[in-house]
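What follows is a single structure, written as structure tokens, with notes after it.
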Amino acid sequence: MGTLADLISSTLVFSVALIFAALGGVFSERSGVFNIGLEGMMTAGAFGAAIASYYMETDGGATTSSPWVGLIAGVFCGLVFALLHAYATVSLKADQTIVGVVINILAVAVTLYLVKIIFEGAGDTAQLEQVFAKWPIPLLSDIPFLGRAFFNSYPTTYIAYILVPLSSYLLFRTPFGLRLRSVGEHPGAADTVGISVTKYRYIGVLISGALAGLGGATITLTTTSNFSHSTISGQGFIAIAALIFGRWNPYGVFGAAFFFGMAQALRNFLTRFEFSQSIPTEFLYMLPYVLTLIVLAGAVGKSVRGPAAAGEPYDPSKR
Amino acid sequence: MNKAAEIFNKPSTYIPFIAIVLGLLCGGIVMWIGGYDPFAAYGALWKTVFGTKYDFGETIVAITPILFTGLAVGFAFRAGIFNIGADGQYIIGMTAATFIGLKVHLPAFIHAPLALIVGMLCGALWGALVGWLKAYRGVNEVISAIMLNWIALYLSNYILRDFLVKKGEQKTPNIDDTASLSIGWLQNFMEGARMDWGIWIGLLCVVIFYVLLWRTKQGYELRAVGHNADAAKAAGINIKASFIKTMMISGAFAGLGGVFSVLGVFHYQVVQAASAGYGFDGIAVALLGGNHPIGILLGAILFGGLTYGSAGMNFEADVPSEIVRIVIGSIIFFVASHGLIRTVIQPLFKKRKSRERKGG
Amino acid sequence: GSKNNNSEGGSSASASASASESASPSASASESASPSASASASESAAPADGKGKKIGMVTDLGGVNDKSFNQQAWESLQKIAKDTGAETKYQESKKDSDYIPLLTKFVKDGYDLTWGIGFLFADAATTVASANPESKLALIDTTPTKELPNVESVLFKENEGSFLVGVVAGLTTKTNKIGFVGGMELPVIKKFEAGFKAGVAAVNPNATIEVNYVGDFSKPDQGKLAAATMYDGGADIIFHAAGGSGNGVFNEAKDRFKAGKKVWVIGVDKDQSIEFGNDVTLTSMVKKVDEAVYRVSNDLLAGNFHGGQTVELGLAEGGVGLPVENPNVSKEILDKVEDYKNKIISGEIKVPTE
Amino acid sequence: MEQAVPVVELRGITKRFPGIVANDAISLELRKGEIHALLGENGAGKSTLMSILFGLYQPDEGEIRVNGKPQAIDGPGKAIELGIGMVHQHFKLVQPFTVAENIVLGIEPSKGLSINYRQANAKVKELSERYGLMVEPTVKVENITVGMQQRVEILKTLYRGAEILIFDEPTAVLTVQEIHELMQILKRLANEGKSIILITHKLKEIMEVSDRVTIIRRGKVVGTVNTAETSESELAEKMVGRRVSLDKPKEAAKPGEMVLELSDVTVAGADKGKPVVDGVSFNIRAGEIVGIAGVDGNGQHELVEALTGMRAVQSGSIRLNGRDITQASIKNRIEAGMSNIPEDRQKHGLVLDFSVSENLILGSPEQERFFKGGFLNKSEIDRHAAKLIEAYDVRTPDIHNKTRSLSGGNQQKAIIAREMERDPQLLIAVQPTRGLDIGAISFVHDRLLQARAEGKAVLLISYELDELHRLSDRIQVIFDGRIMGEVDPEKAADDEIGLMMAGKMQAGKGASA
């Protein structure tokens, strides 16, 4: 049992950033905007967190509040790129896939460019002293098994615990969510009842940027303690996979991201057993991806469909 | 996705050129803000690409792989599939070619073509897997392709380590000379730049892309599925087969990219922790080129040229090479956001009233 | 220099005043047959005059701030620039296909020496050096694929140094569970693993070693996950040879330290306690890339380029070993380490490479 | 003098699109409590005018007065504020939302931060009962019939307190019953004091419910007349500019060989539940038109899909020219001589981003002619296209234009041209005249009759009894997936068919073949 609890605990380390980013994707795509740019927005978030925390440490004196400042900065940096995305796709009606690809290119390039300016040519930032430490929740962490598995983790994990139900509530129980989803399903319908498609799509994309930024910041502040070109390498795309796998639904996304994380943790976990030494390591590396494919291919028939209008710029004169 | 195609089909082909100018301008401003000299940097870039025959040749070496992956992505786009998996198909093509290049011993006239064909076919099959999963198991191609990219990388590493790499090495020995697709005399002519058949086959693929898609029945059907799968189905076209065919062709293009990197450029393959990302650059190239073969060719030339030139910028003007990615990103941004160019730039020219009719 | 690279403070954190300026034992080095290995320590050779000379360096994919050999090499070139007045410059490779063009750039630009840092430069350097016979190249961790008079190579016996940290680990562990986290499963890293395992086995046959290759040198998150799994499984010491991914191992250890659990990491390449502190760093397997780079570069500036030669630096040459100060390792253990070191140097113990 | 102020007054509205003046100085008055019909050919400018009134487009010239006050309607929000509601030609409903969610969207009743669903459902229920619209608030829109969706659209406007209601071709997609109900609803709304603008191509409806009619031709108002003082034929003539009649007598059928035989065809339902097509048997001979009458959603879609091969048959058999094609692929069926004018032309009939000439060979069985050795035979394809657009009066400036740029009517004609030109043995035509103006309808009817005269078997599925009566030689009435019986259009009365369509009566002769 203890081992399983440890496995879950490790899973969460990997999953939480994915949960944030994929949750962001939910908002963006539910509002009708594809977001291939999650990867870039995560990169921006990881960068922002590293830089802000770094300055907090060097200029502001290392304090325990600095990772929180980093977290906020990460959100902010994600937002900056989301704003560009929203401006291009919503206001200029540019192709959403292309813009997403652009965001990915630009985010990596701009952040590394800045890192090189700030750190005199180096391709990564200094190691941070002050990052998040695991923080057992009083009482809850004492629950046998569950406590060790779920409530002895980073603050960001607890943020995820809050954001998932909160997102679900926002999307499915509030007027805001109803409107956001209507814009993603049928912008014409929303428009003709006086809902501003532009406004809600901006909101959707901006939330996705903020959450992806939060995801990137989480990676910096809980695992890598610095930022480099490889801090975010493909997690944004995995988040998109989790988004689709989780059927554009916050709880589904949580499950999918948890699954990916579990597969990663499992791979590490296997090295504990003697038999794993006889398996070529490459097969262990493949495990998470192969597992995902098998699960998806096995879930045949239930065709997955996203929001009906996602991917289409809204043009009221086009009938 | 068809948006990009339309841009290029429109009379306003000047938009890409304005976008390039604006992109370079953006890069210049960013450099200026960062305290670098944009003129020196662009001068160095120009000199790097066109300075010597060697550099020019190496620029072509940089263009070739993204031309192939660009064609792969563009072709699939045309048939309604977003192939984010060109990366994996590239790796598989590369590994298969290495395998044949090392493990099979044949005379040159057959060895090289065999390695090429096997590499291409393996890329095609890897692509077909995405098509099959989509057609018969309903798996979204974006997810499956992302997963297969990683699987391809590790599978390839496994094959390399277990069968091809000598003990104590991290890369394979060089492939047999008989499997080489380098062009010796051209290499000498280009002062040692690694010239090979890649670019020529790439150009041939540009033509094949066009003819296949717009001149054959097969292509007609694939395009029909791409635009409207329901109507295509009602017209008797086998959609599932179409997905698989599309991904096979797309994968073959990407696989060829990998083939030439081994048989033409490096002659060996390395155990890598991550892919070089040519598949993802291919997406950018395809979108930049409006998913049209000629556009993709021009996109690859621009992308490859800037990328190779960026090394010179870094070397001579000490500008971080990321600046070139910023320029490339900006150019694609401006091409995609042609609305911006239209509203801001166009009044400077004369307003043209040739809006396309859409509706129904 | 003195032969003392032990700190007397035992587990005390205070720095030892008797630490030598030079980290490597010069005695053995000076006896070495290889002339190129004669200068044991950077400080001992007088800086040459480098005015008007240019030295370039191409990193492998790790980049210049990898906290590992690329960084060491570059820092030492910066020092060369400061000491000698030579001009130095580096270029980072982003992918495998960059090696040849980047080396060529330096060569064509008339650089007096161009470094290729890392195992993967073998072919690229061979190609570039044969195409440009007038050029001079130097390699770390690899040799050209054929004999070339204009390439000098430096190799390290990582297995020997790893053996010693294995001894430390074997004697320090309380749980008898020890971890090894590798980057990619490559021959160089296998040398670390093999030496380490042999070292542990030599002093503590009961200890088990869990091995995890995370598949990448630049993914701290994977390193962290691997470390977490090992520590959860009861390991109390992890030796990493995973470059940037190893930072994740340290991060996990620091996490646990903050939570009140004592676990150790053994660093690699440099004395990593400088970066990650003494709370979690037990010791490090130091690989003196910086010194090698400094010496070869300085020799060249002084007009002594040993083209065509390959130097292999092991314990005997002071190319690998423990850091000068090891405040977390007890005197007894350090003595043991010294014993084994002498046995290896004398050839009494042969350390396996795989 | 309150009565004299019109609720809406459009004065000199002009709207130009590139290359065309869609509305040319149009003036129109809507009086309180009246139903005002707007009539005009496809593309005359009706939808444009209404889009301007609803704030979707801005006029280039002219003025809009609502209740006597000039108003700038800069968006649908403003229109709603002014009490204007619009039921669009293509419904603007969010499919996965419930009825109530669609209705309250944008002005949701809330409780704290949440939507107060209980209140929303109750309000919708109450409103729907008050106007006799009978909708169930909690079902999802994607699961209800088109007629029901229409009512949801109406409720949407009423919920927003609309006093002025615009209906753009509301009946194009409705069944006879639904149309009948809608007309009752319109009358009721007008009686309540709502003012209504109704766009429709169906003259009968105009005659039935409207008070006045305004006719538009090529963007200009031809005139406004009191419905009581005019007739269907006068309206048709005013609209098209020439005499048109749909009531041309047809020649007697000369049935020949057996072409299509269905025996006991059963199609399984969605979740292996009740079959949606349940033991259907009938046949069609060469040279006759067999109509299928029925309320939408009684298995017609599934029946056609089973015939064309888009859906698997659970049991029973389909024979074409004596050959069993029950399991044949779509392609094989086409090659065996089956043609299909699908119900949803844009979804199943055309590739809108293909050129007209490319669309005209879509699914063509003539492989050798158009695809020589696997390559496209461009010159032959273009020659074919030129011939077809000429013969079928498909209006497009160029055969290489994208099909998307054609008007709906012309898109429909292109499909008809393609499917007929294949010289099929069997032509399946589903709703072939939906949304077309009277001139276009007349053209399509002529073509179908001509096909019959040429000895083709035609299966006609239509929700319009008039059309079925006019064209069919025999009518099969379908209800709940089963054939209730066959009737002779010459003899059967609408009432009788109506009862059968409602499942209330079997055909007297019990003639399922």
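Order of writing sets the chain letters: A, B, C and D. Residues in each chain are counted from 1.
The rule we apply is simple: a residue touches a chain if its C-beta (ideal position, glycine included) is under 8 Å from a C-beta of that chain, and two chains touch if they have at least 3 such contacts.
As the structure is a computational prediction, the values presented were derived from the model and not from experiment.
A count of C-beta contacts for the chain pairs A-B and A-D puts A-B on top. Subunit C and subunit D have centres, each the mean of its CA atoms, that are 78 Å apart.
Between subunit A and subunit B the centroid-to-centroid distance comes to 28 Å (mean Cα coordinates, whole Å).
Subunit A and subunit D have centres, each the mean of its CA atoms, that are 45 Å apart.
Look at where the CA atoms of subunit A average out and do the same for subunit C: the two points lie 36 Å apart. Counting only residues that touch two or more partner chains, subunit D has none. Taken residue by residue, subunit B touches two or more other chains at 154, 161, 274, 358-360, whereas all remaining positions touch fewer. Listed for subunit C are residues 185, 215-216, 218-219, each touching two or more other chains. Contact between chains, as defined at the top, is found for A-B, A-C, A-D, B-C, B-D.
In the complex of the two chains, the subunit A residues touching subunit D come out as 169, 173-175, 178-179, 181-182, 185-186, 188-195, 308, 316-317, 319.
Contact residues on subunit A toward subunit C in their complex (touch as defined above): 3, 6, 9-10, 13-14, 119, 121-124, 127, 131, 133-134, 136, 219, 223-226, 228-231, 233, 264-265, 268-269, 271-272, 277, 281, 285. Within the complex, the subunit D residues that touch subunit A are 54, 56-57, 75-77, 80, 86, 88, 90, 92-97, 101-102, 105-108, 110, 113-115, 156, 160. Residues of subunit B touching subunit D in their complex: 2, 214-218, 220, 223-224, 227-228, 230-238, 353, 355-360. If you check the complex, the residues on subunit C that touch subunit B are 61, 89, 91, 94-98, 100-102, 104-105, 108-109, 119-120, 122-123, 131, 183-188, 215-219, 354.
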